[in-house]
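Got a structure here, written out as structure tokens. Questions coming.
Note that the chains are named A, B and C in the order they appear, and that numbering of residues resets to 1 at the start of each chain.
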Amino acid sequence: MSAESQTVSKEDGFVVFDHVQKSYDGETLVVKDLNLAIGKGEFLTMLGPSGSGKTTCLMMLAGFETATHGDILLGGHPINNIPPHKRGIGMVFQNYALFPHMTVGENLSFPLEVRKMAKAEREEKIRRALDMVEMLDFINRRPAQLSGGQQQRIALARSLVFEPDLVLMDEPLGALDKQLREHMQFEIKHLHDRLGVTVVYVTHDQSEALTMSDRIAVFDDGVIQQLATPDDLYERPENAFVAQFIGENNRMTGTVKAIEGDVATVELDGGTVVTAKAVNCGDVGGRTTLSIRPERVKVGADQGTNRTDAEVLELIYLGDHIRCRMRVHGNEDFIVKVPNAADNKRLVVGEKTSVGWETEDCRALDAT
Amino acid sequence: MKITSVFAGAAVAALVAGAASAGTITVVSWGGAYTKSQVEAYHKPWMAKTGNKIISEDYNGGLSEVKSQVEAGNVTWDIVDVEMSDAVRGCDEGLLEPIDPSILPPAPDGTPATKDFIPGAITDCGVANIVWSTIYAYDTTKFKGDNAPKTIADFFDTKKFPGKRGMRKTPKANLEMALAADGVPADQIYKVLGTPEGVDRAFKVLDRIKNDVVWWEAGAQPPQLLADGEVAMTTAYNGRIFNAVAAEKKPFKIVWDAQIFDFDVWVIPKGAPNKDLAMDFLAFSTATKQLAAQASWISYGPARKSANKLIGTYHSDPSIDMKAQMPTAPENFKTAIQNDFEFWADHQDELNDRFNAWLAK
Amino acid sequence: MSDATGPIVTADGVPLKRKLAQAMFRSRARAFGLALPLLAFIIVAFIIPILTLLYRGVHDPRFAQFMPRTTAIIQKWDTKSPVTEEMAAALVADMVVARKERTIGQVATRVNRELPGTRSLFTSTARKAKKMKPPYLEALIKKDRKWGDNATWQAIKITAKTYTPAYLLQAVDLKYNADGSITRQPERYRIYLKLLIRTMRISLIVTLATLVLGYPVAYLLSTLPVRTSNMLLILVLLPFWTSLLVRTTSWIAILQSEGVLNNLFVLFGITTDQQRFSMIYNETGVLIAMTHILLPFMILPLYSVMKTIPPSYVRAAKSMGARPATAFWRVYFPQSVPGIGAGALLVFILAIGYYITPALVGGEDGQMISNMIDFHMRKSLNWNLAAALGAVLLVVVLFFFWLYDRLVGIDNMKLG
């Protein structure tokens, strides 16, 4: 995929946010100086906690909110002054927004009718769209007669039936149960791959974002904290918020003592000195947050460079791995995932052992 | 009657209540200046003399309340001031108590009551207290000097005398006035009105001003309509206009041509809770002295000849001679029409239907 | 498990159906018990009086009750052949009794309704009845020539019916004749159908006006934050807290020819002092005042329905390329129909029975059928006709209810 080649420049972005700001009350900015370029055919997810500004961005793109400042471009043209119905953007809503007084077929027919499409052509397209989501048998049902997952598929089909170049999805899977949600994630992803349509997807569920996206924009406080591919985001978070928000994370705070190349020597608040990869930690003497993923910590006598003592506080058996809560450097919430491999020795609660990690797995980030 | 049994309990309760509060009667009249004159001339002296109390209620005429109360067996009114035609009709239908004329006091000179009252003033179930009349009045600021209306025909002539007209929302008096305006002499009015052609003729005259009429229902409305400028002239009860002129100094003038005069009558609903007290009040209030006293408050003529001689001046303004304000004053009375209650008892259903259909057209 | 063909039984062997019926009965009895006080109240204070009154529309026993001999004999008369001595004798005998019992007035009133002018004929003849000697027919005719006229006796024959369709027929401008035929009322007496149609027309216009005025307001209310919309709802409800009489009379002050509005019109030169608009004491006044008074009854159901329509529907429609107008008509409007139905039905049925407002500001061409019912209740004392008119009105209301059920469905109604 083209999007995986990292950044998209402002010039060849299909959707571009250029210094966009949004305020509702004239006092606080909900979106602060947003700059984002989305490539054609890309699946981009806006991820963030509620109130982070992600939905506002989506609504500005759809045309239901106006930007207070800055330009939004679609296919190279500013669309600030184009009303929503002329933007040609498909949209899937959180509650599906299927018209309850119309049948499934009529719902799909609606966007084609307003485009004054001939009946035969309409029927053909409706058929194809329903077939695509495997819902052809339900063409004459009303939305109220369908299950949540079925309604979701219809909403998806309806947003795609008029073949828009861009589809916006506003937490479309939020109302489904876990199993169905995971199933639908794959289905949406497959549809995207097949149709090559550009998708901007809003969610607060990080696993959903990781599963589906080409790139993820992590929002917090009206600002994109990091824009990267899922693996980059997970492996190489650039600040403490992203590290904390994406996946599980062990945090330790301390002061930078020395920086050599990309290795920082940090004195933890408990007095221990460790080394970490300097990412975003500022200069010597500054405060920093160290971040390390639980699966990158190794338990055992002589492994890893940053070895330290640890005490097992709690064990949770999870089948493929064991989740182990430990006391490390005085932090009682230090989580380690121990693979349930054949050669792994069994840990017991209260056991004193040691843990260690590679310097490059421990990232020195900004202090929060 | 079925309703009677349903309300029997309520009736018993009312009787008990009536007995407990003996000494109080409910007197029902038309309100406004008219009731005021009765309060001054009848109620206050009677209360002072007997020590009883009077609750005064207002209504807009008609027998409906009396009928409802009598049929429901729950009579709360003791004595009611009604028009003559209603007194006769209510009597025929058994809604009213018969009244023995011997309870009425004689005139001061000893003339028995039956001789002292104007002929027709005493009927089986009612005793008249006043003679009132339906006249029309106009606003003197709108019509002046030679341009002022003088005859009944002027009332129906909106070309010569432009402006809205107020009329009571009933065929009564309006049809008579219409015929009088069309040249029918006073003594022929009811004869003509008794024929279908006569009715058509009267309605044709009404047609002339139909679009300019504002209809009123309560006696207090016409002076108000005149004062508000809603109408340029209006039919009214003469006492109301007199009161507006004398008490409120309004610039109104009465045209007496083709006035239609009638009695107002005290009646007692059948089963009135305080019948005996009501009878006493009736006899007291229709005595010569009280009737004469009332005439100093409002320009309605006493129903007793002896009282007519005692009429003086307006209670608050001695410069107004009340005799000249009465419907029965000779200069006012030349073309007067006496309301024929027998005719109206016979024809009011038919003429009401016709009138309503005409209104809705 | 158990045999599929046999009845299913519960653990203690009782057939399941019976057990269920028992359980259902208990819950039904409880529901009935809870509703019983209100039910009893409604029956005593509402149903029985209404039925009693409606009964009067077809039941008038006055003549038959007070003139039994005449009633018995007149049934045999064919209305065409000459009046017989037998009939006259029965009439005189009845009159003697009726005069003594003071019931002749009620009889006379009743016959007078069928044939105007017969009231005095009855009362004056009754006064003489005691002294009359046979042959009675001659004696009657000697008293008044009208007794020789078949029309008088035909009127008697009509009134002698205890159960009569005459009032119901009159309520729709038809006339019931002595020979049982039904004809239209003469042109100059026709009024009730006209009023009924006018009543429906006024109600319809008021319903449409409240819809047109109320819909945007309800829409606005439903889109505002709850705090703001609650404040505005109080403004909508404010008229409810003012007496109907006060509201109506304030319209008089505003709309009369010397009123506030006309003064403003003259001031701004929209009209001249001589040609002030008549906006009150006519149908216009009724329409204005009723629309104002009934507006909340439209807004509230609309608001309660619109509140439940999420904004995402219209957004979805727009995102699919529908222009705002299309999105409104095809997506929003159909979903607000239950509110329109409830509001329209409520306003229409309230309007059709409106009485005080037309009475106060209606003048002549603004009178409605309920004003006629009032007239016959309070003025003409023709309670039978009032009851018949009430019955006709009730039928009309039920008809519209039925129509609504057919078109929209009563279960679609949302009142809040």
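In this section, a contact is a pair of C-beta atoms (placed from the backbone, for glycine too) under 8 Å apart; a residue touches a chain by one contact, two chains touch by 3 or more.
It should be emphasised that the depicted structure is a prediction, and the values quoted were computed from it without experimental measurement.
Of all chain pairs, the one linked by the most C-beta contacts is B-C.
Ranked by how far their CA centres sit from the centre of subunit C, the chains are topped by A. Subunit B and subunit C have CA centres that are 32 Å apart. Subunit C has its Cα centroid 66 Å from the Cα centroid of subunit A. With centres set at the average Cα position, the gap from subunit A to subunit B is 91 Å.
Within the complex formed with subunit B, the subunit C residues making contact are 48, 52, 102-106, 108-109, 112-113, 116-120, 123, 188-191, 194-195, 198, 256-258, 281, 363-365, 367, 372, 375, 377-382.
Residues of subunit B that touch subunit C in their complex: 2-3, 6, 62-65, 67, 89, 91-94, 170, 194, 213-215, 228-230, 342, 345-354, 356-360. Within the complex formed with subunit C, the subunit A residues making contact are 62-64, 83-91, 93-95, 97, 99-101, 110-111, 114-115, 158-159, 162, 168. The residues of subunit C lying in touch with subunit A in their complex are 310, 312-313, 315-324, 326-327, 330-331, 334-335.
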